[in-house]
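We call the chains A, B and C, going by the order they appear; numbering starts again at 1 in every chain.
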Amino acid sequence: MIRKQVVLAADLAGTVVFAIEGANAAIRAGLDLLGVLVLSFMVALGGGVIRDLLIGATPPSAMRDWRYPALAFAAGLVTFLLHLQMQAVPTLLLTTLDAAGLALFAVAGAEKALDFGINPFIAMLMGAMTGCGGGVMRDILLARVPMVLVADIYASAALLGACVVVVGRRLGCPPAVAAVLGFIVCFALRMAAVQFGWQLPRLAG
Amino acid sequence: MIRKQVVLAADLAGTVVFAIEGANAAIRAGLDLLGVLVLSFMVALGGGVIRDLLIGATPPSAMRDWRYPALAFAAGLVTFLLHLQMQAVPTLLLTTLDAAGLALFAVAGAEKALDFGINPFIAMLMGAMTGCGGGVMRDILLARVPMVLVADIYASAALLGACVVVVGRRLGCPPAVAAVLGFIVCFALRMAAVQFGWQLPRLAG
Amino acid sequence: MIRKQVVLAADLAGTVVFAIEGANAAIRAGLDLLGVLVLSFMVALGGGVIRDLLIGATPPSAMRDWRYPALAFAAGLVTFLLHLQMQAVPTLLLTTLDAAGLALFAVAGAEKALDFGINPFIAMLMGAMTGCGGGVMRDILLARVPMVLVADIYASAALLGACVVVVGRRLGCPPAVAAVLGFIVCFALRMAAVQFGWQLPRLAG
């Protein structure tokens, strides 16, 4: 019971963090209020919506529970109204919250895919998709190449966290333990990559 | 019986109007004949397809009834062939037809979502998605930021029209009355916004 | 039995060819290793995933059989590692393999749609979508107008091949014969178009 509430609280917190990021990206790109709200929704819930469509969990959970879109819109609206104050938030805090949101979504996405009987390898991909899909949709809507495909250890961290969940469950870990381990691995790898400037290899053009 | 035929006729008319707009955008962007047909399809039917995927109405109705894609392609082809004549169509007529199509799709989209048992708040979003989704897909395919996110009272008009439908039904209006009211509100707001140059707020970059 | 193995082998070969093309496009666009793998997946499997979502075959087959994504990722990784050697592959070979992959996917896509009870006209569109959808997603992710909408006889060849399959079955051809005919028509049209520089009509801007 308590665990369920922890999961719900974490999920709502992750939605808020990602919605704020979507709103900030929309404001920087010069979108109007509607564009800000749409990007809040997309970044917060887009990855989960695509995951649900792909694993056959339709309608997607964001379409079934009005609280998620309402929360994303509310977070986007507050970001729009308090934009100047938001700029005072330290970058490190934003990066940390984003890494936590990524880890949370990656773990939750992999778990949901497994619960729907999806093959473990695909479940790992679905975890990464849940964590990164919203950001990819943000970049597509802003007509630019998705950041996550170009640079940074971001999707890779989500993949590794989801992998830990999948492998942990396979090895018989209690689900809660596998989830916490996956969260830690994803979060730690993402923070270390930011700290040390790690990048994936890329071929010189 | 008569009402059903009115709805069908309106739906087909909206499809034609949006398909012509898609074709015009494709021609202006220098696409070839295939690109023109694809954009006709996307603008006319893309919003409804995404709505159907999201509310779990699969296969989407545009995949089940060949007349809708055939009509969209035919409208695109005619637009391609008669492009010079099309340019003589007054802008005001195009704007009016577009506003009518938007209102129609927003109302129909909200109604269909409600019929599928979707929560009223989400149904409102689905109405706006039905009205604007095709235009968003057009802009994504043309590699530019969706117009609807940047400027104009367009998606907002669709949202408000869909909201009237949802609230009207909740308050016990007969569905036809709610639909007509929603149509009028969306259409009137869109036309007034064009007329008076209304815009949503936007933060200075 | 033998036919089933031929179909499987062809399907896997088409996946590899398209994955290599996705990887090459990603490398040229300066994406990192993760971006290369994502584009390999998208080009190889994206068209089929969208087709499956549209015809209601969820979860899409690429989500149900881990061998397809694994193969696409492996092909992308090998392309990344052997990029210099890949550049020595003659263009004509690449074009030929691509045309064969296109023809294969167009035929298989139309067949699957028919098997799911989709209307023949829509099944034809689904064949073209299976062949071209991955390339469209590649171009969307690279923030450029999909090549297939702008120039070349490419989607049109896929459409025609899928059309032959659909019409052939209608006329009572054995499925294998219809498939082979559709393959030949699509492949031949595509190769001829490349050879002779055929283009669809386009209106002068």
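As a convention for this text, a residue touches a chain if its C-beta (ideal position, glycine included) is under 8 Å from a C-beta of that chain, and two chains touch if they have at least 3 such contacts.
No experiment lies behind these values; they were computed from the predicted model shown.
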| item | value |
| --- | --- |
| Chain A on chain B, rotation in degrees - Cα superposition, rounded to nearest 5 | 120 |
| Chain copies touching (chain B, chain C) - same or different residues, decided at half shared | different |
| Distance between the centres, which are taken as Cα means, of chain C and chain B, whole angstrom | 30 |
| Multi-chain contact sites of chain A, meaning residues that touch two or more partners | 53, 58, 140, 143 |
| Complex interface listing, chain B residues touching chain C | 26-35, 38-39, 49, 53, 58-60, 63-66, 69-70, 80, 83, 140-143 |
| Touching residues on chain A, where the partner in the complex is chain C | 53-56, 58, 118-119, 121-122, 125, 136, 139-140, 143-146, 148-151, 155-156, 199-203, 205 |
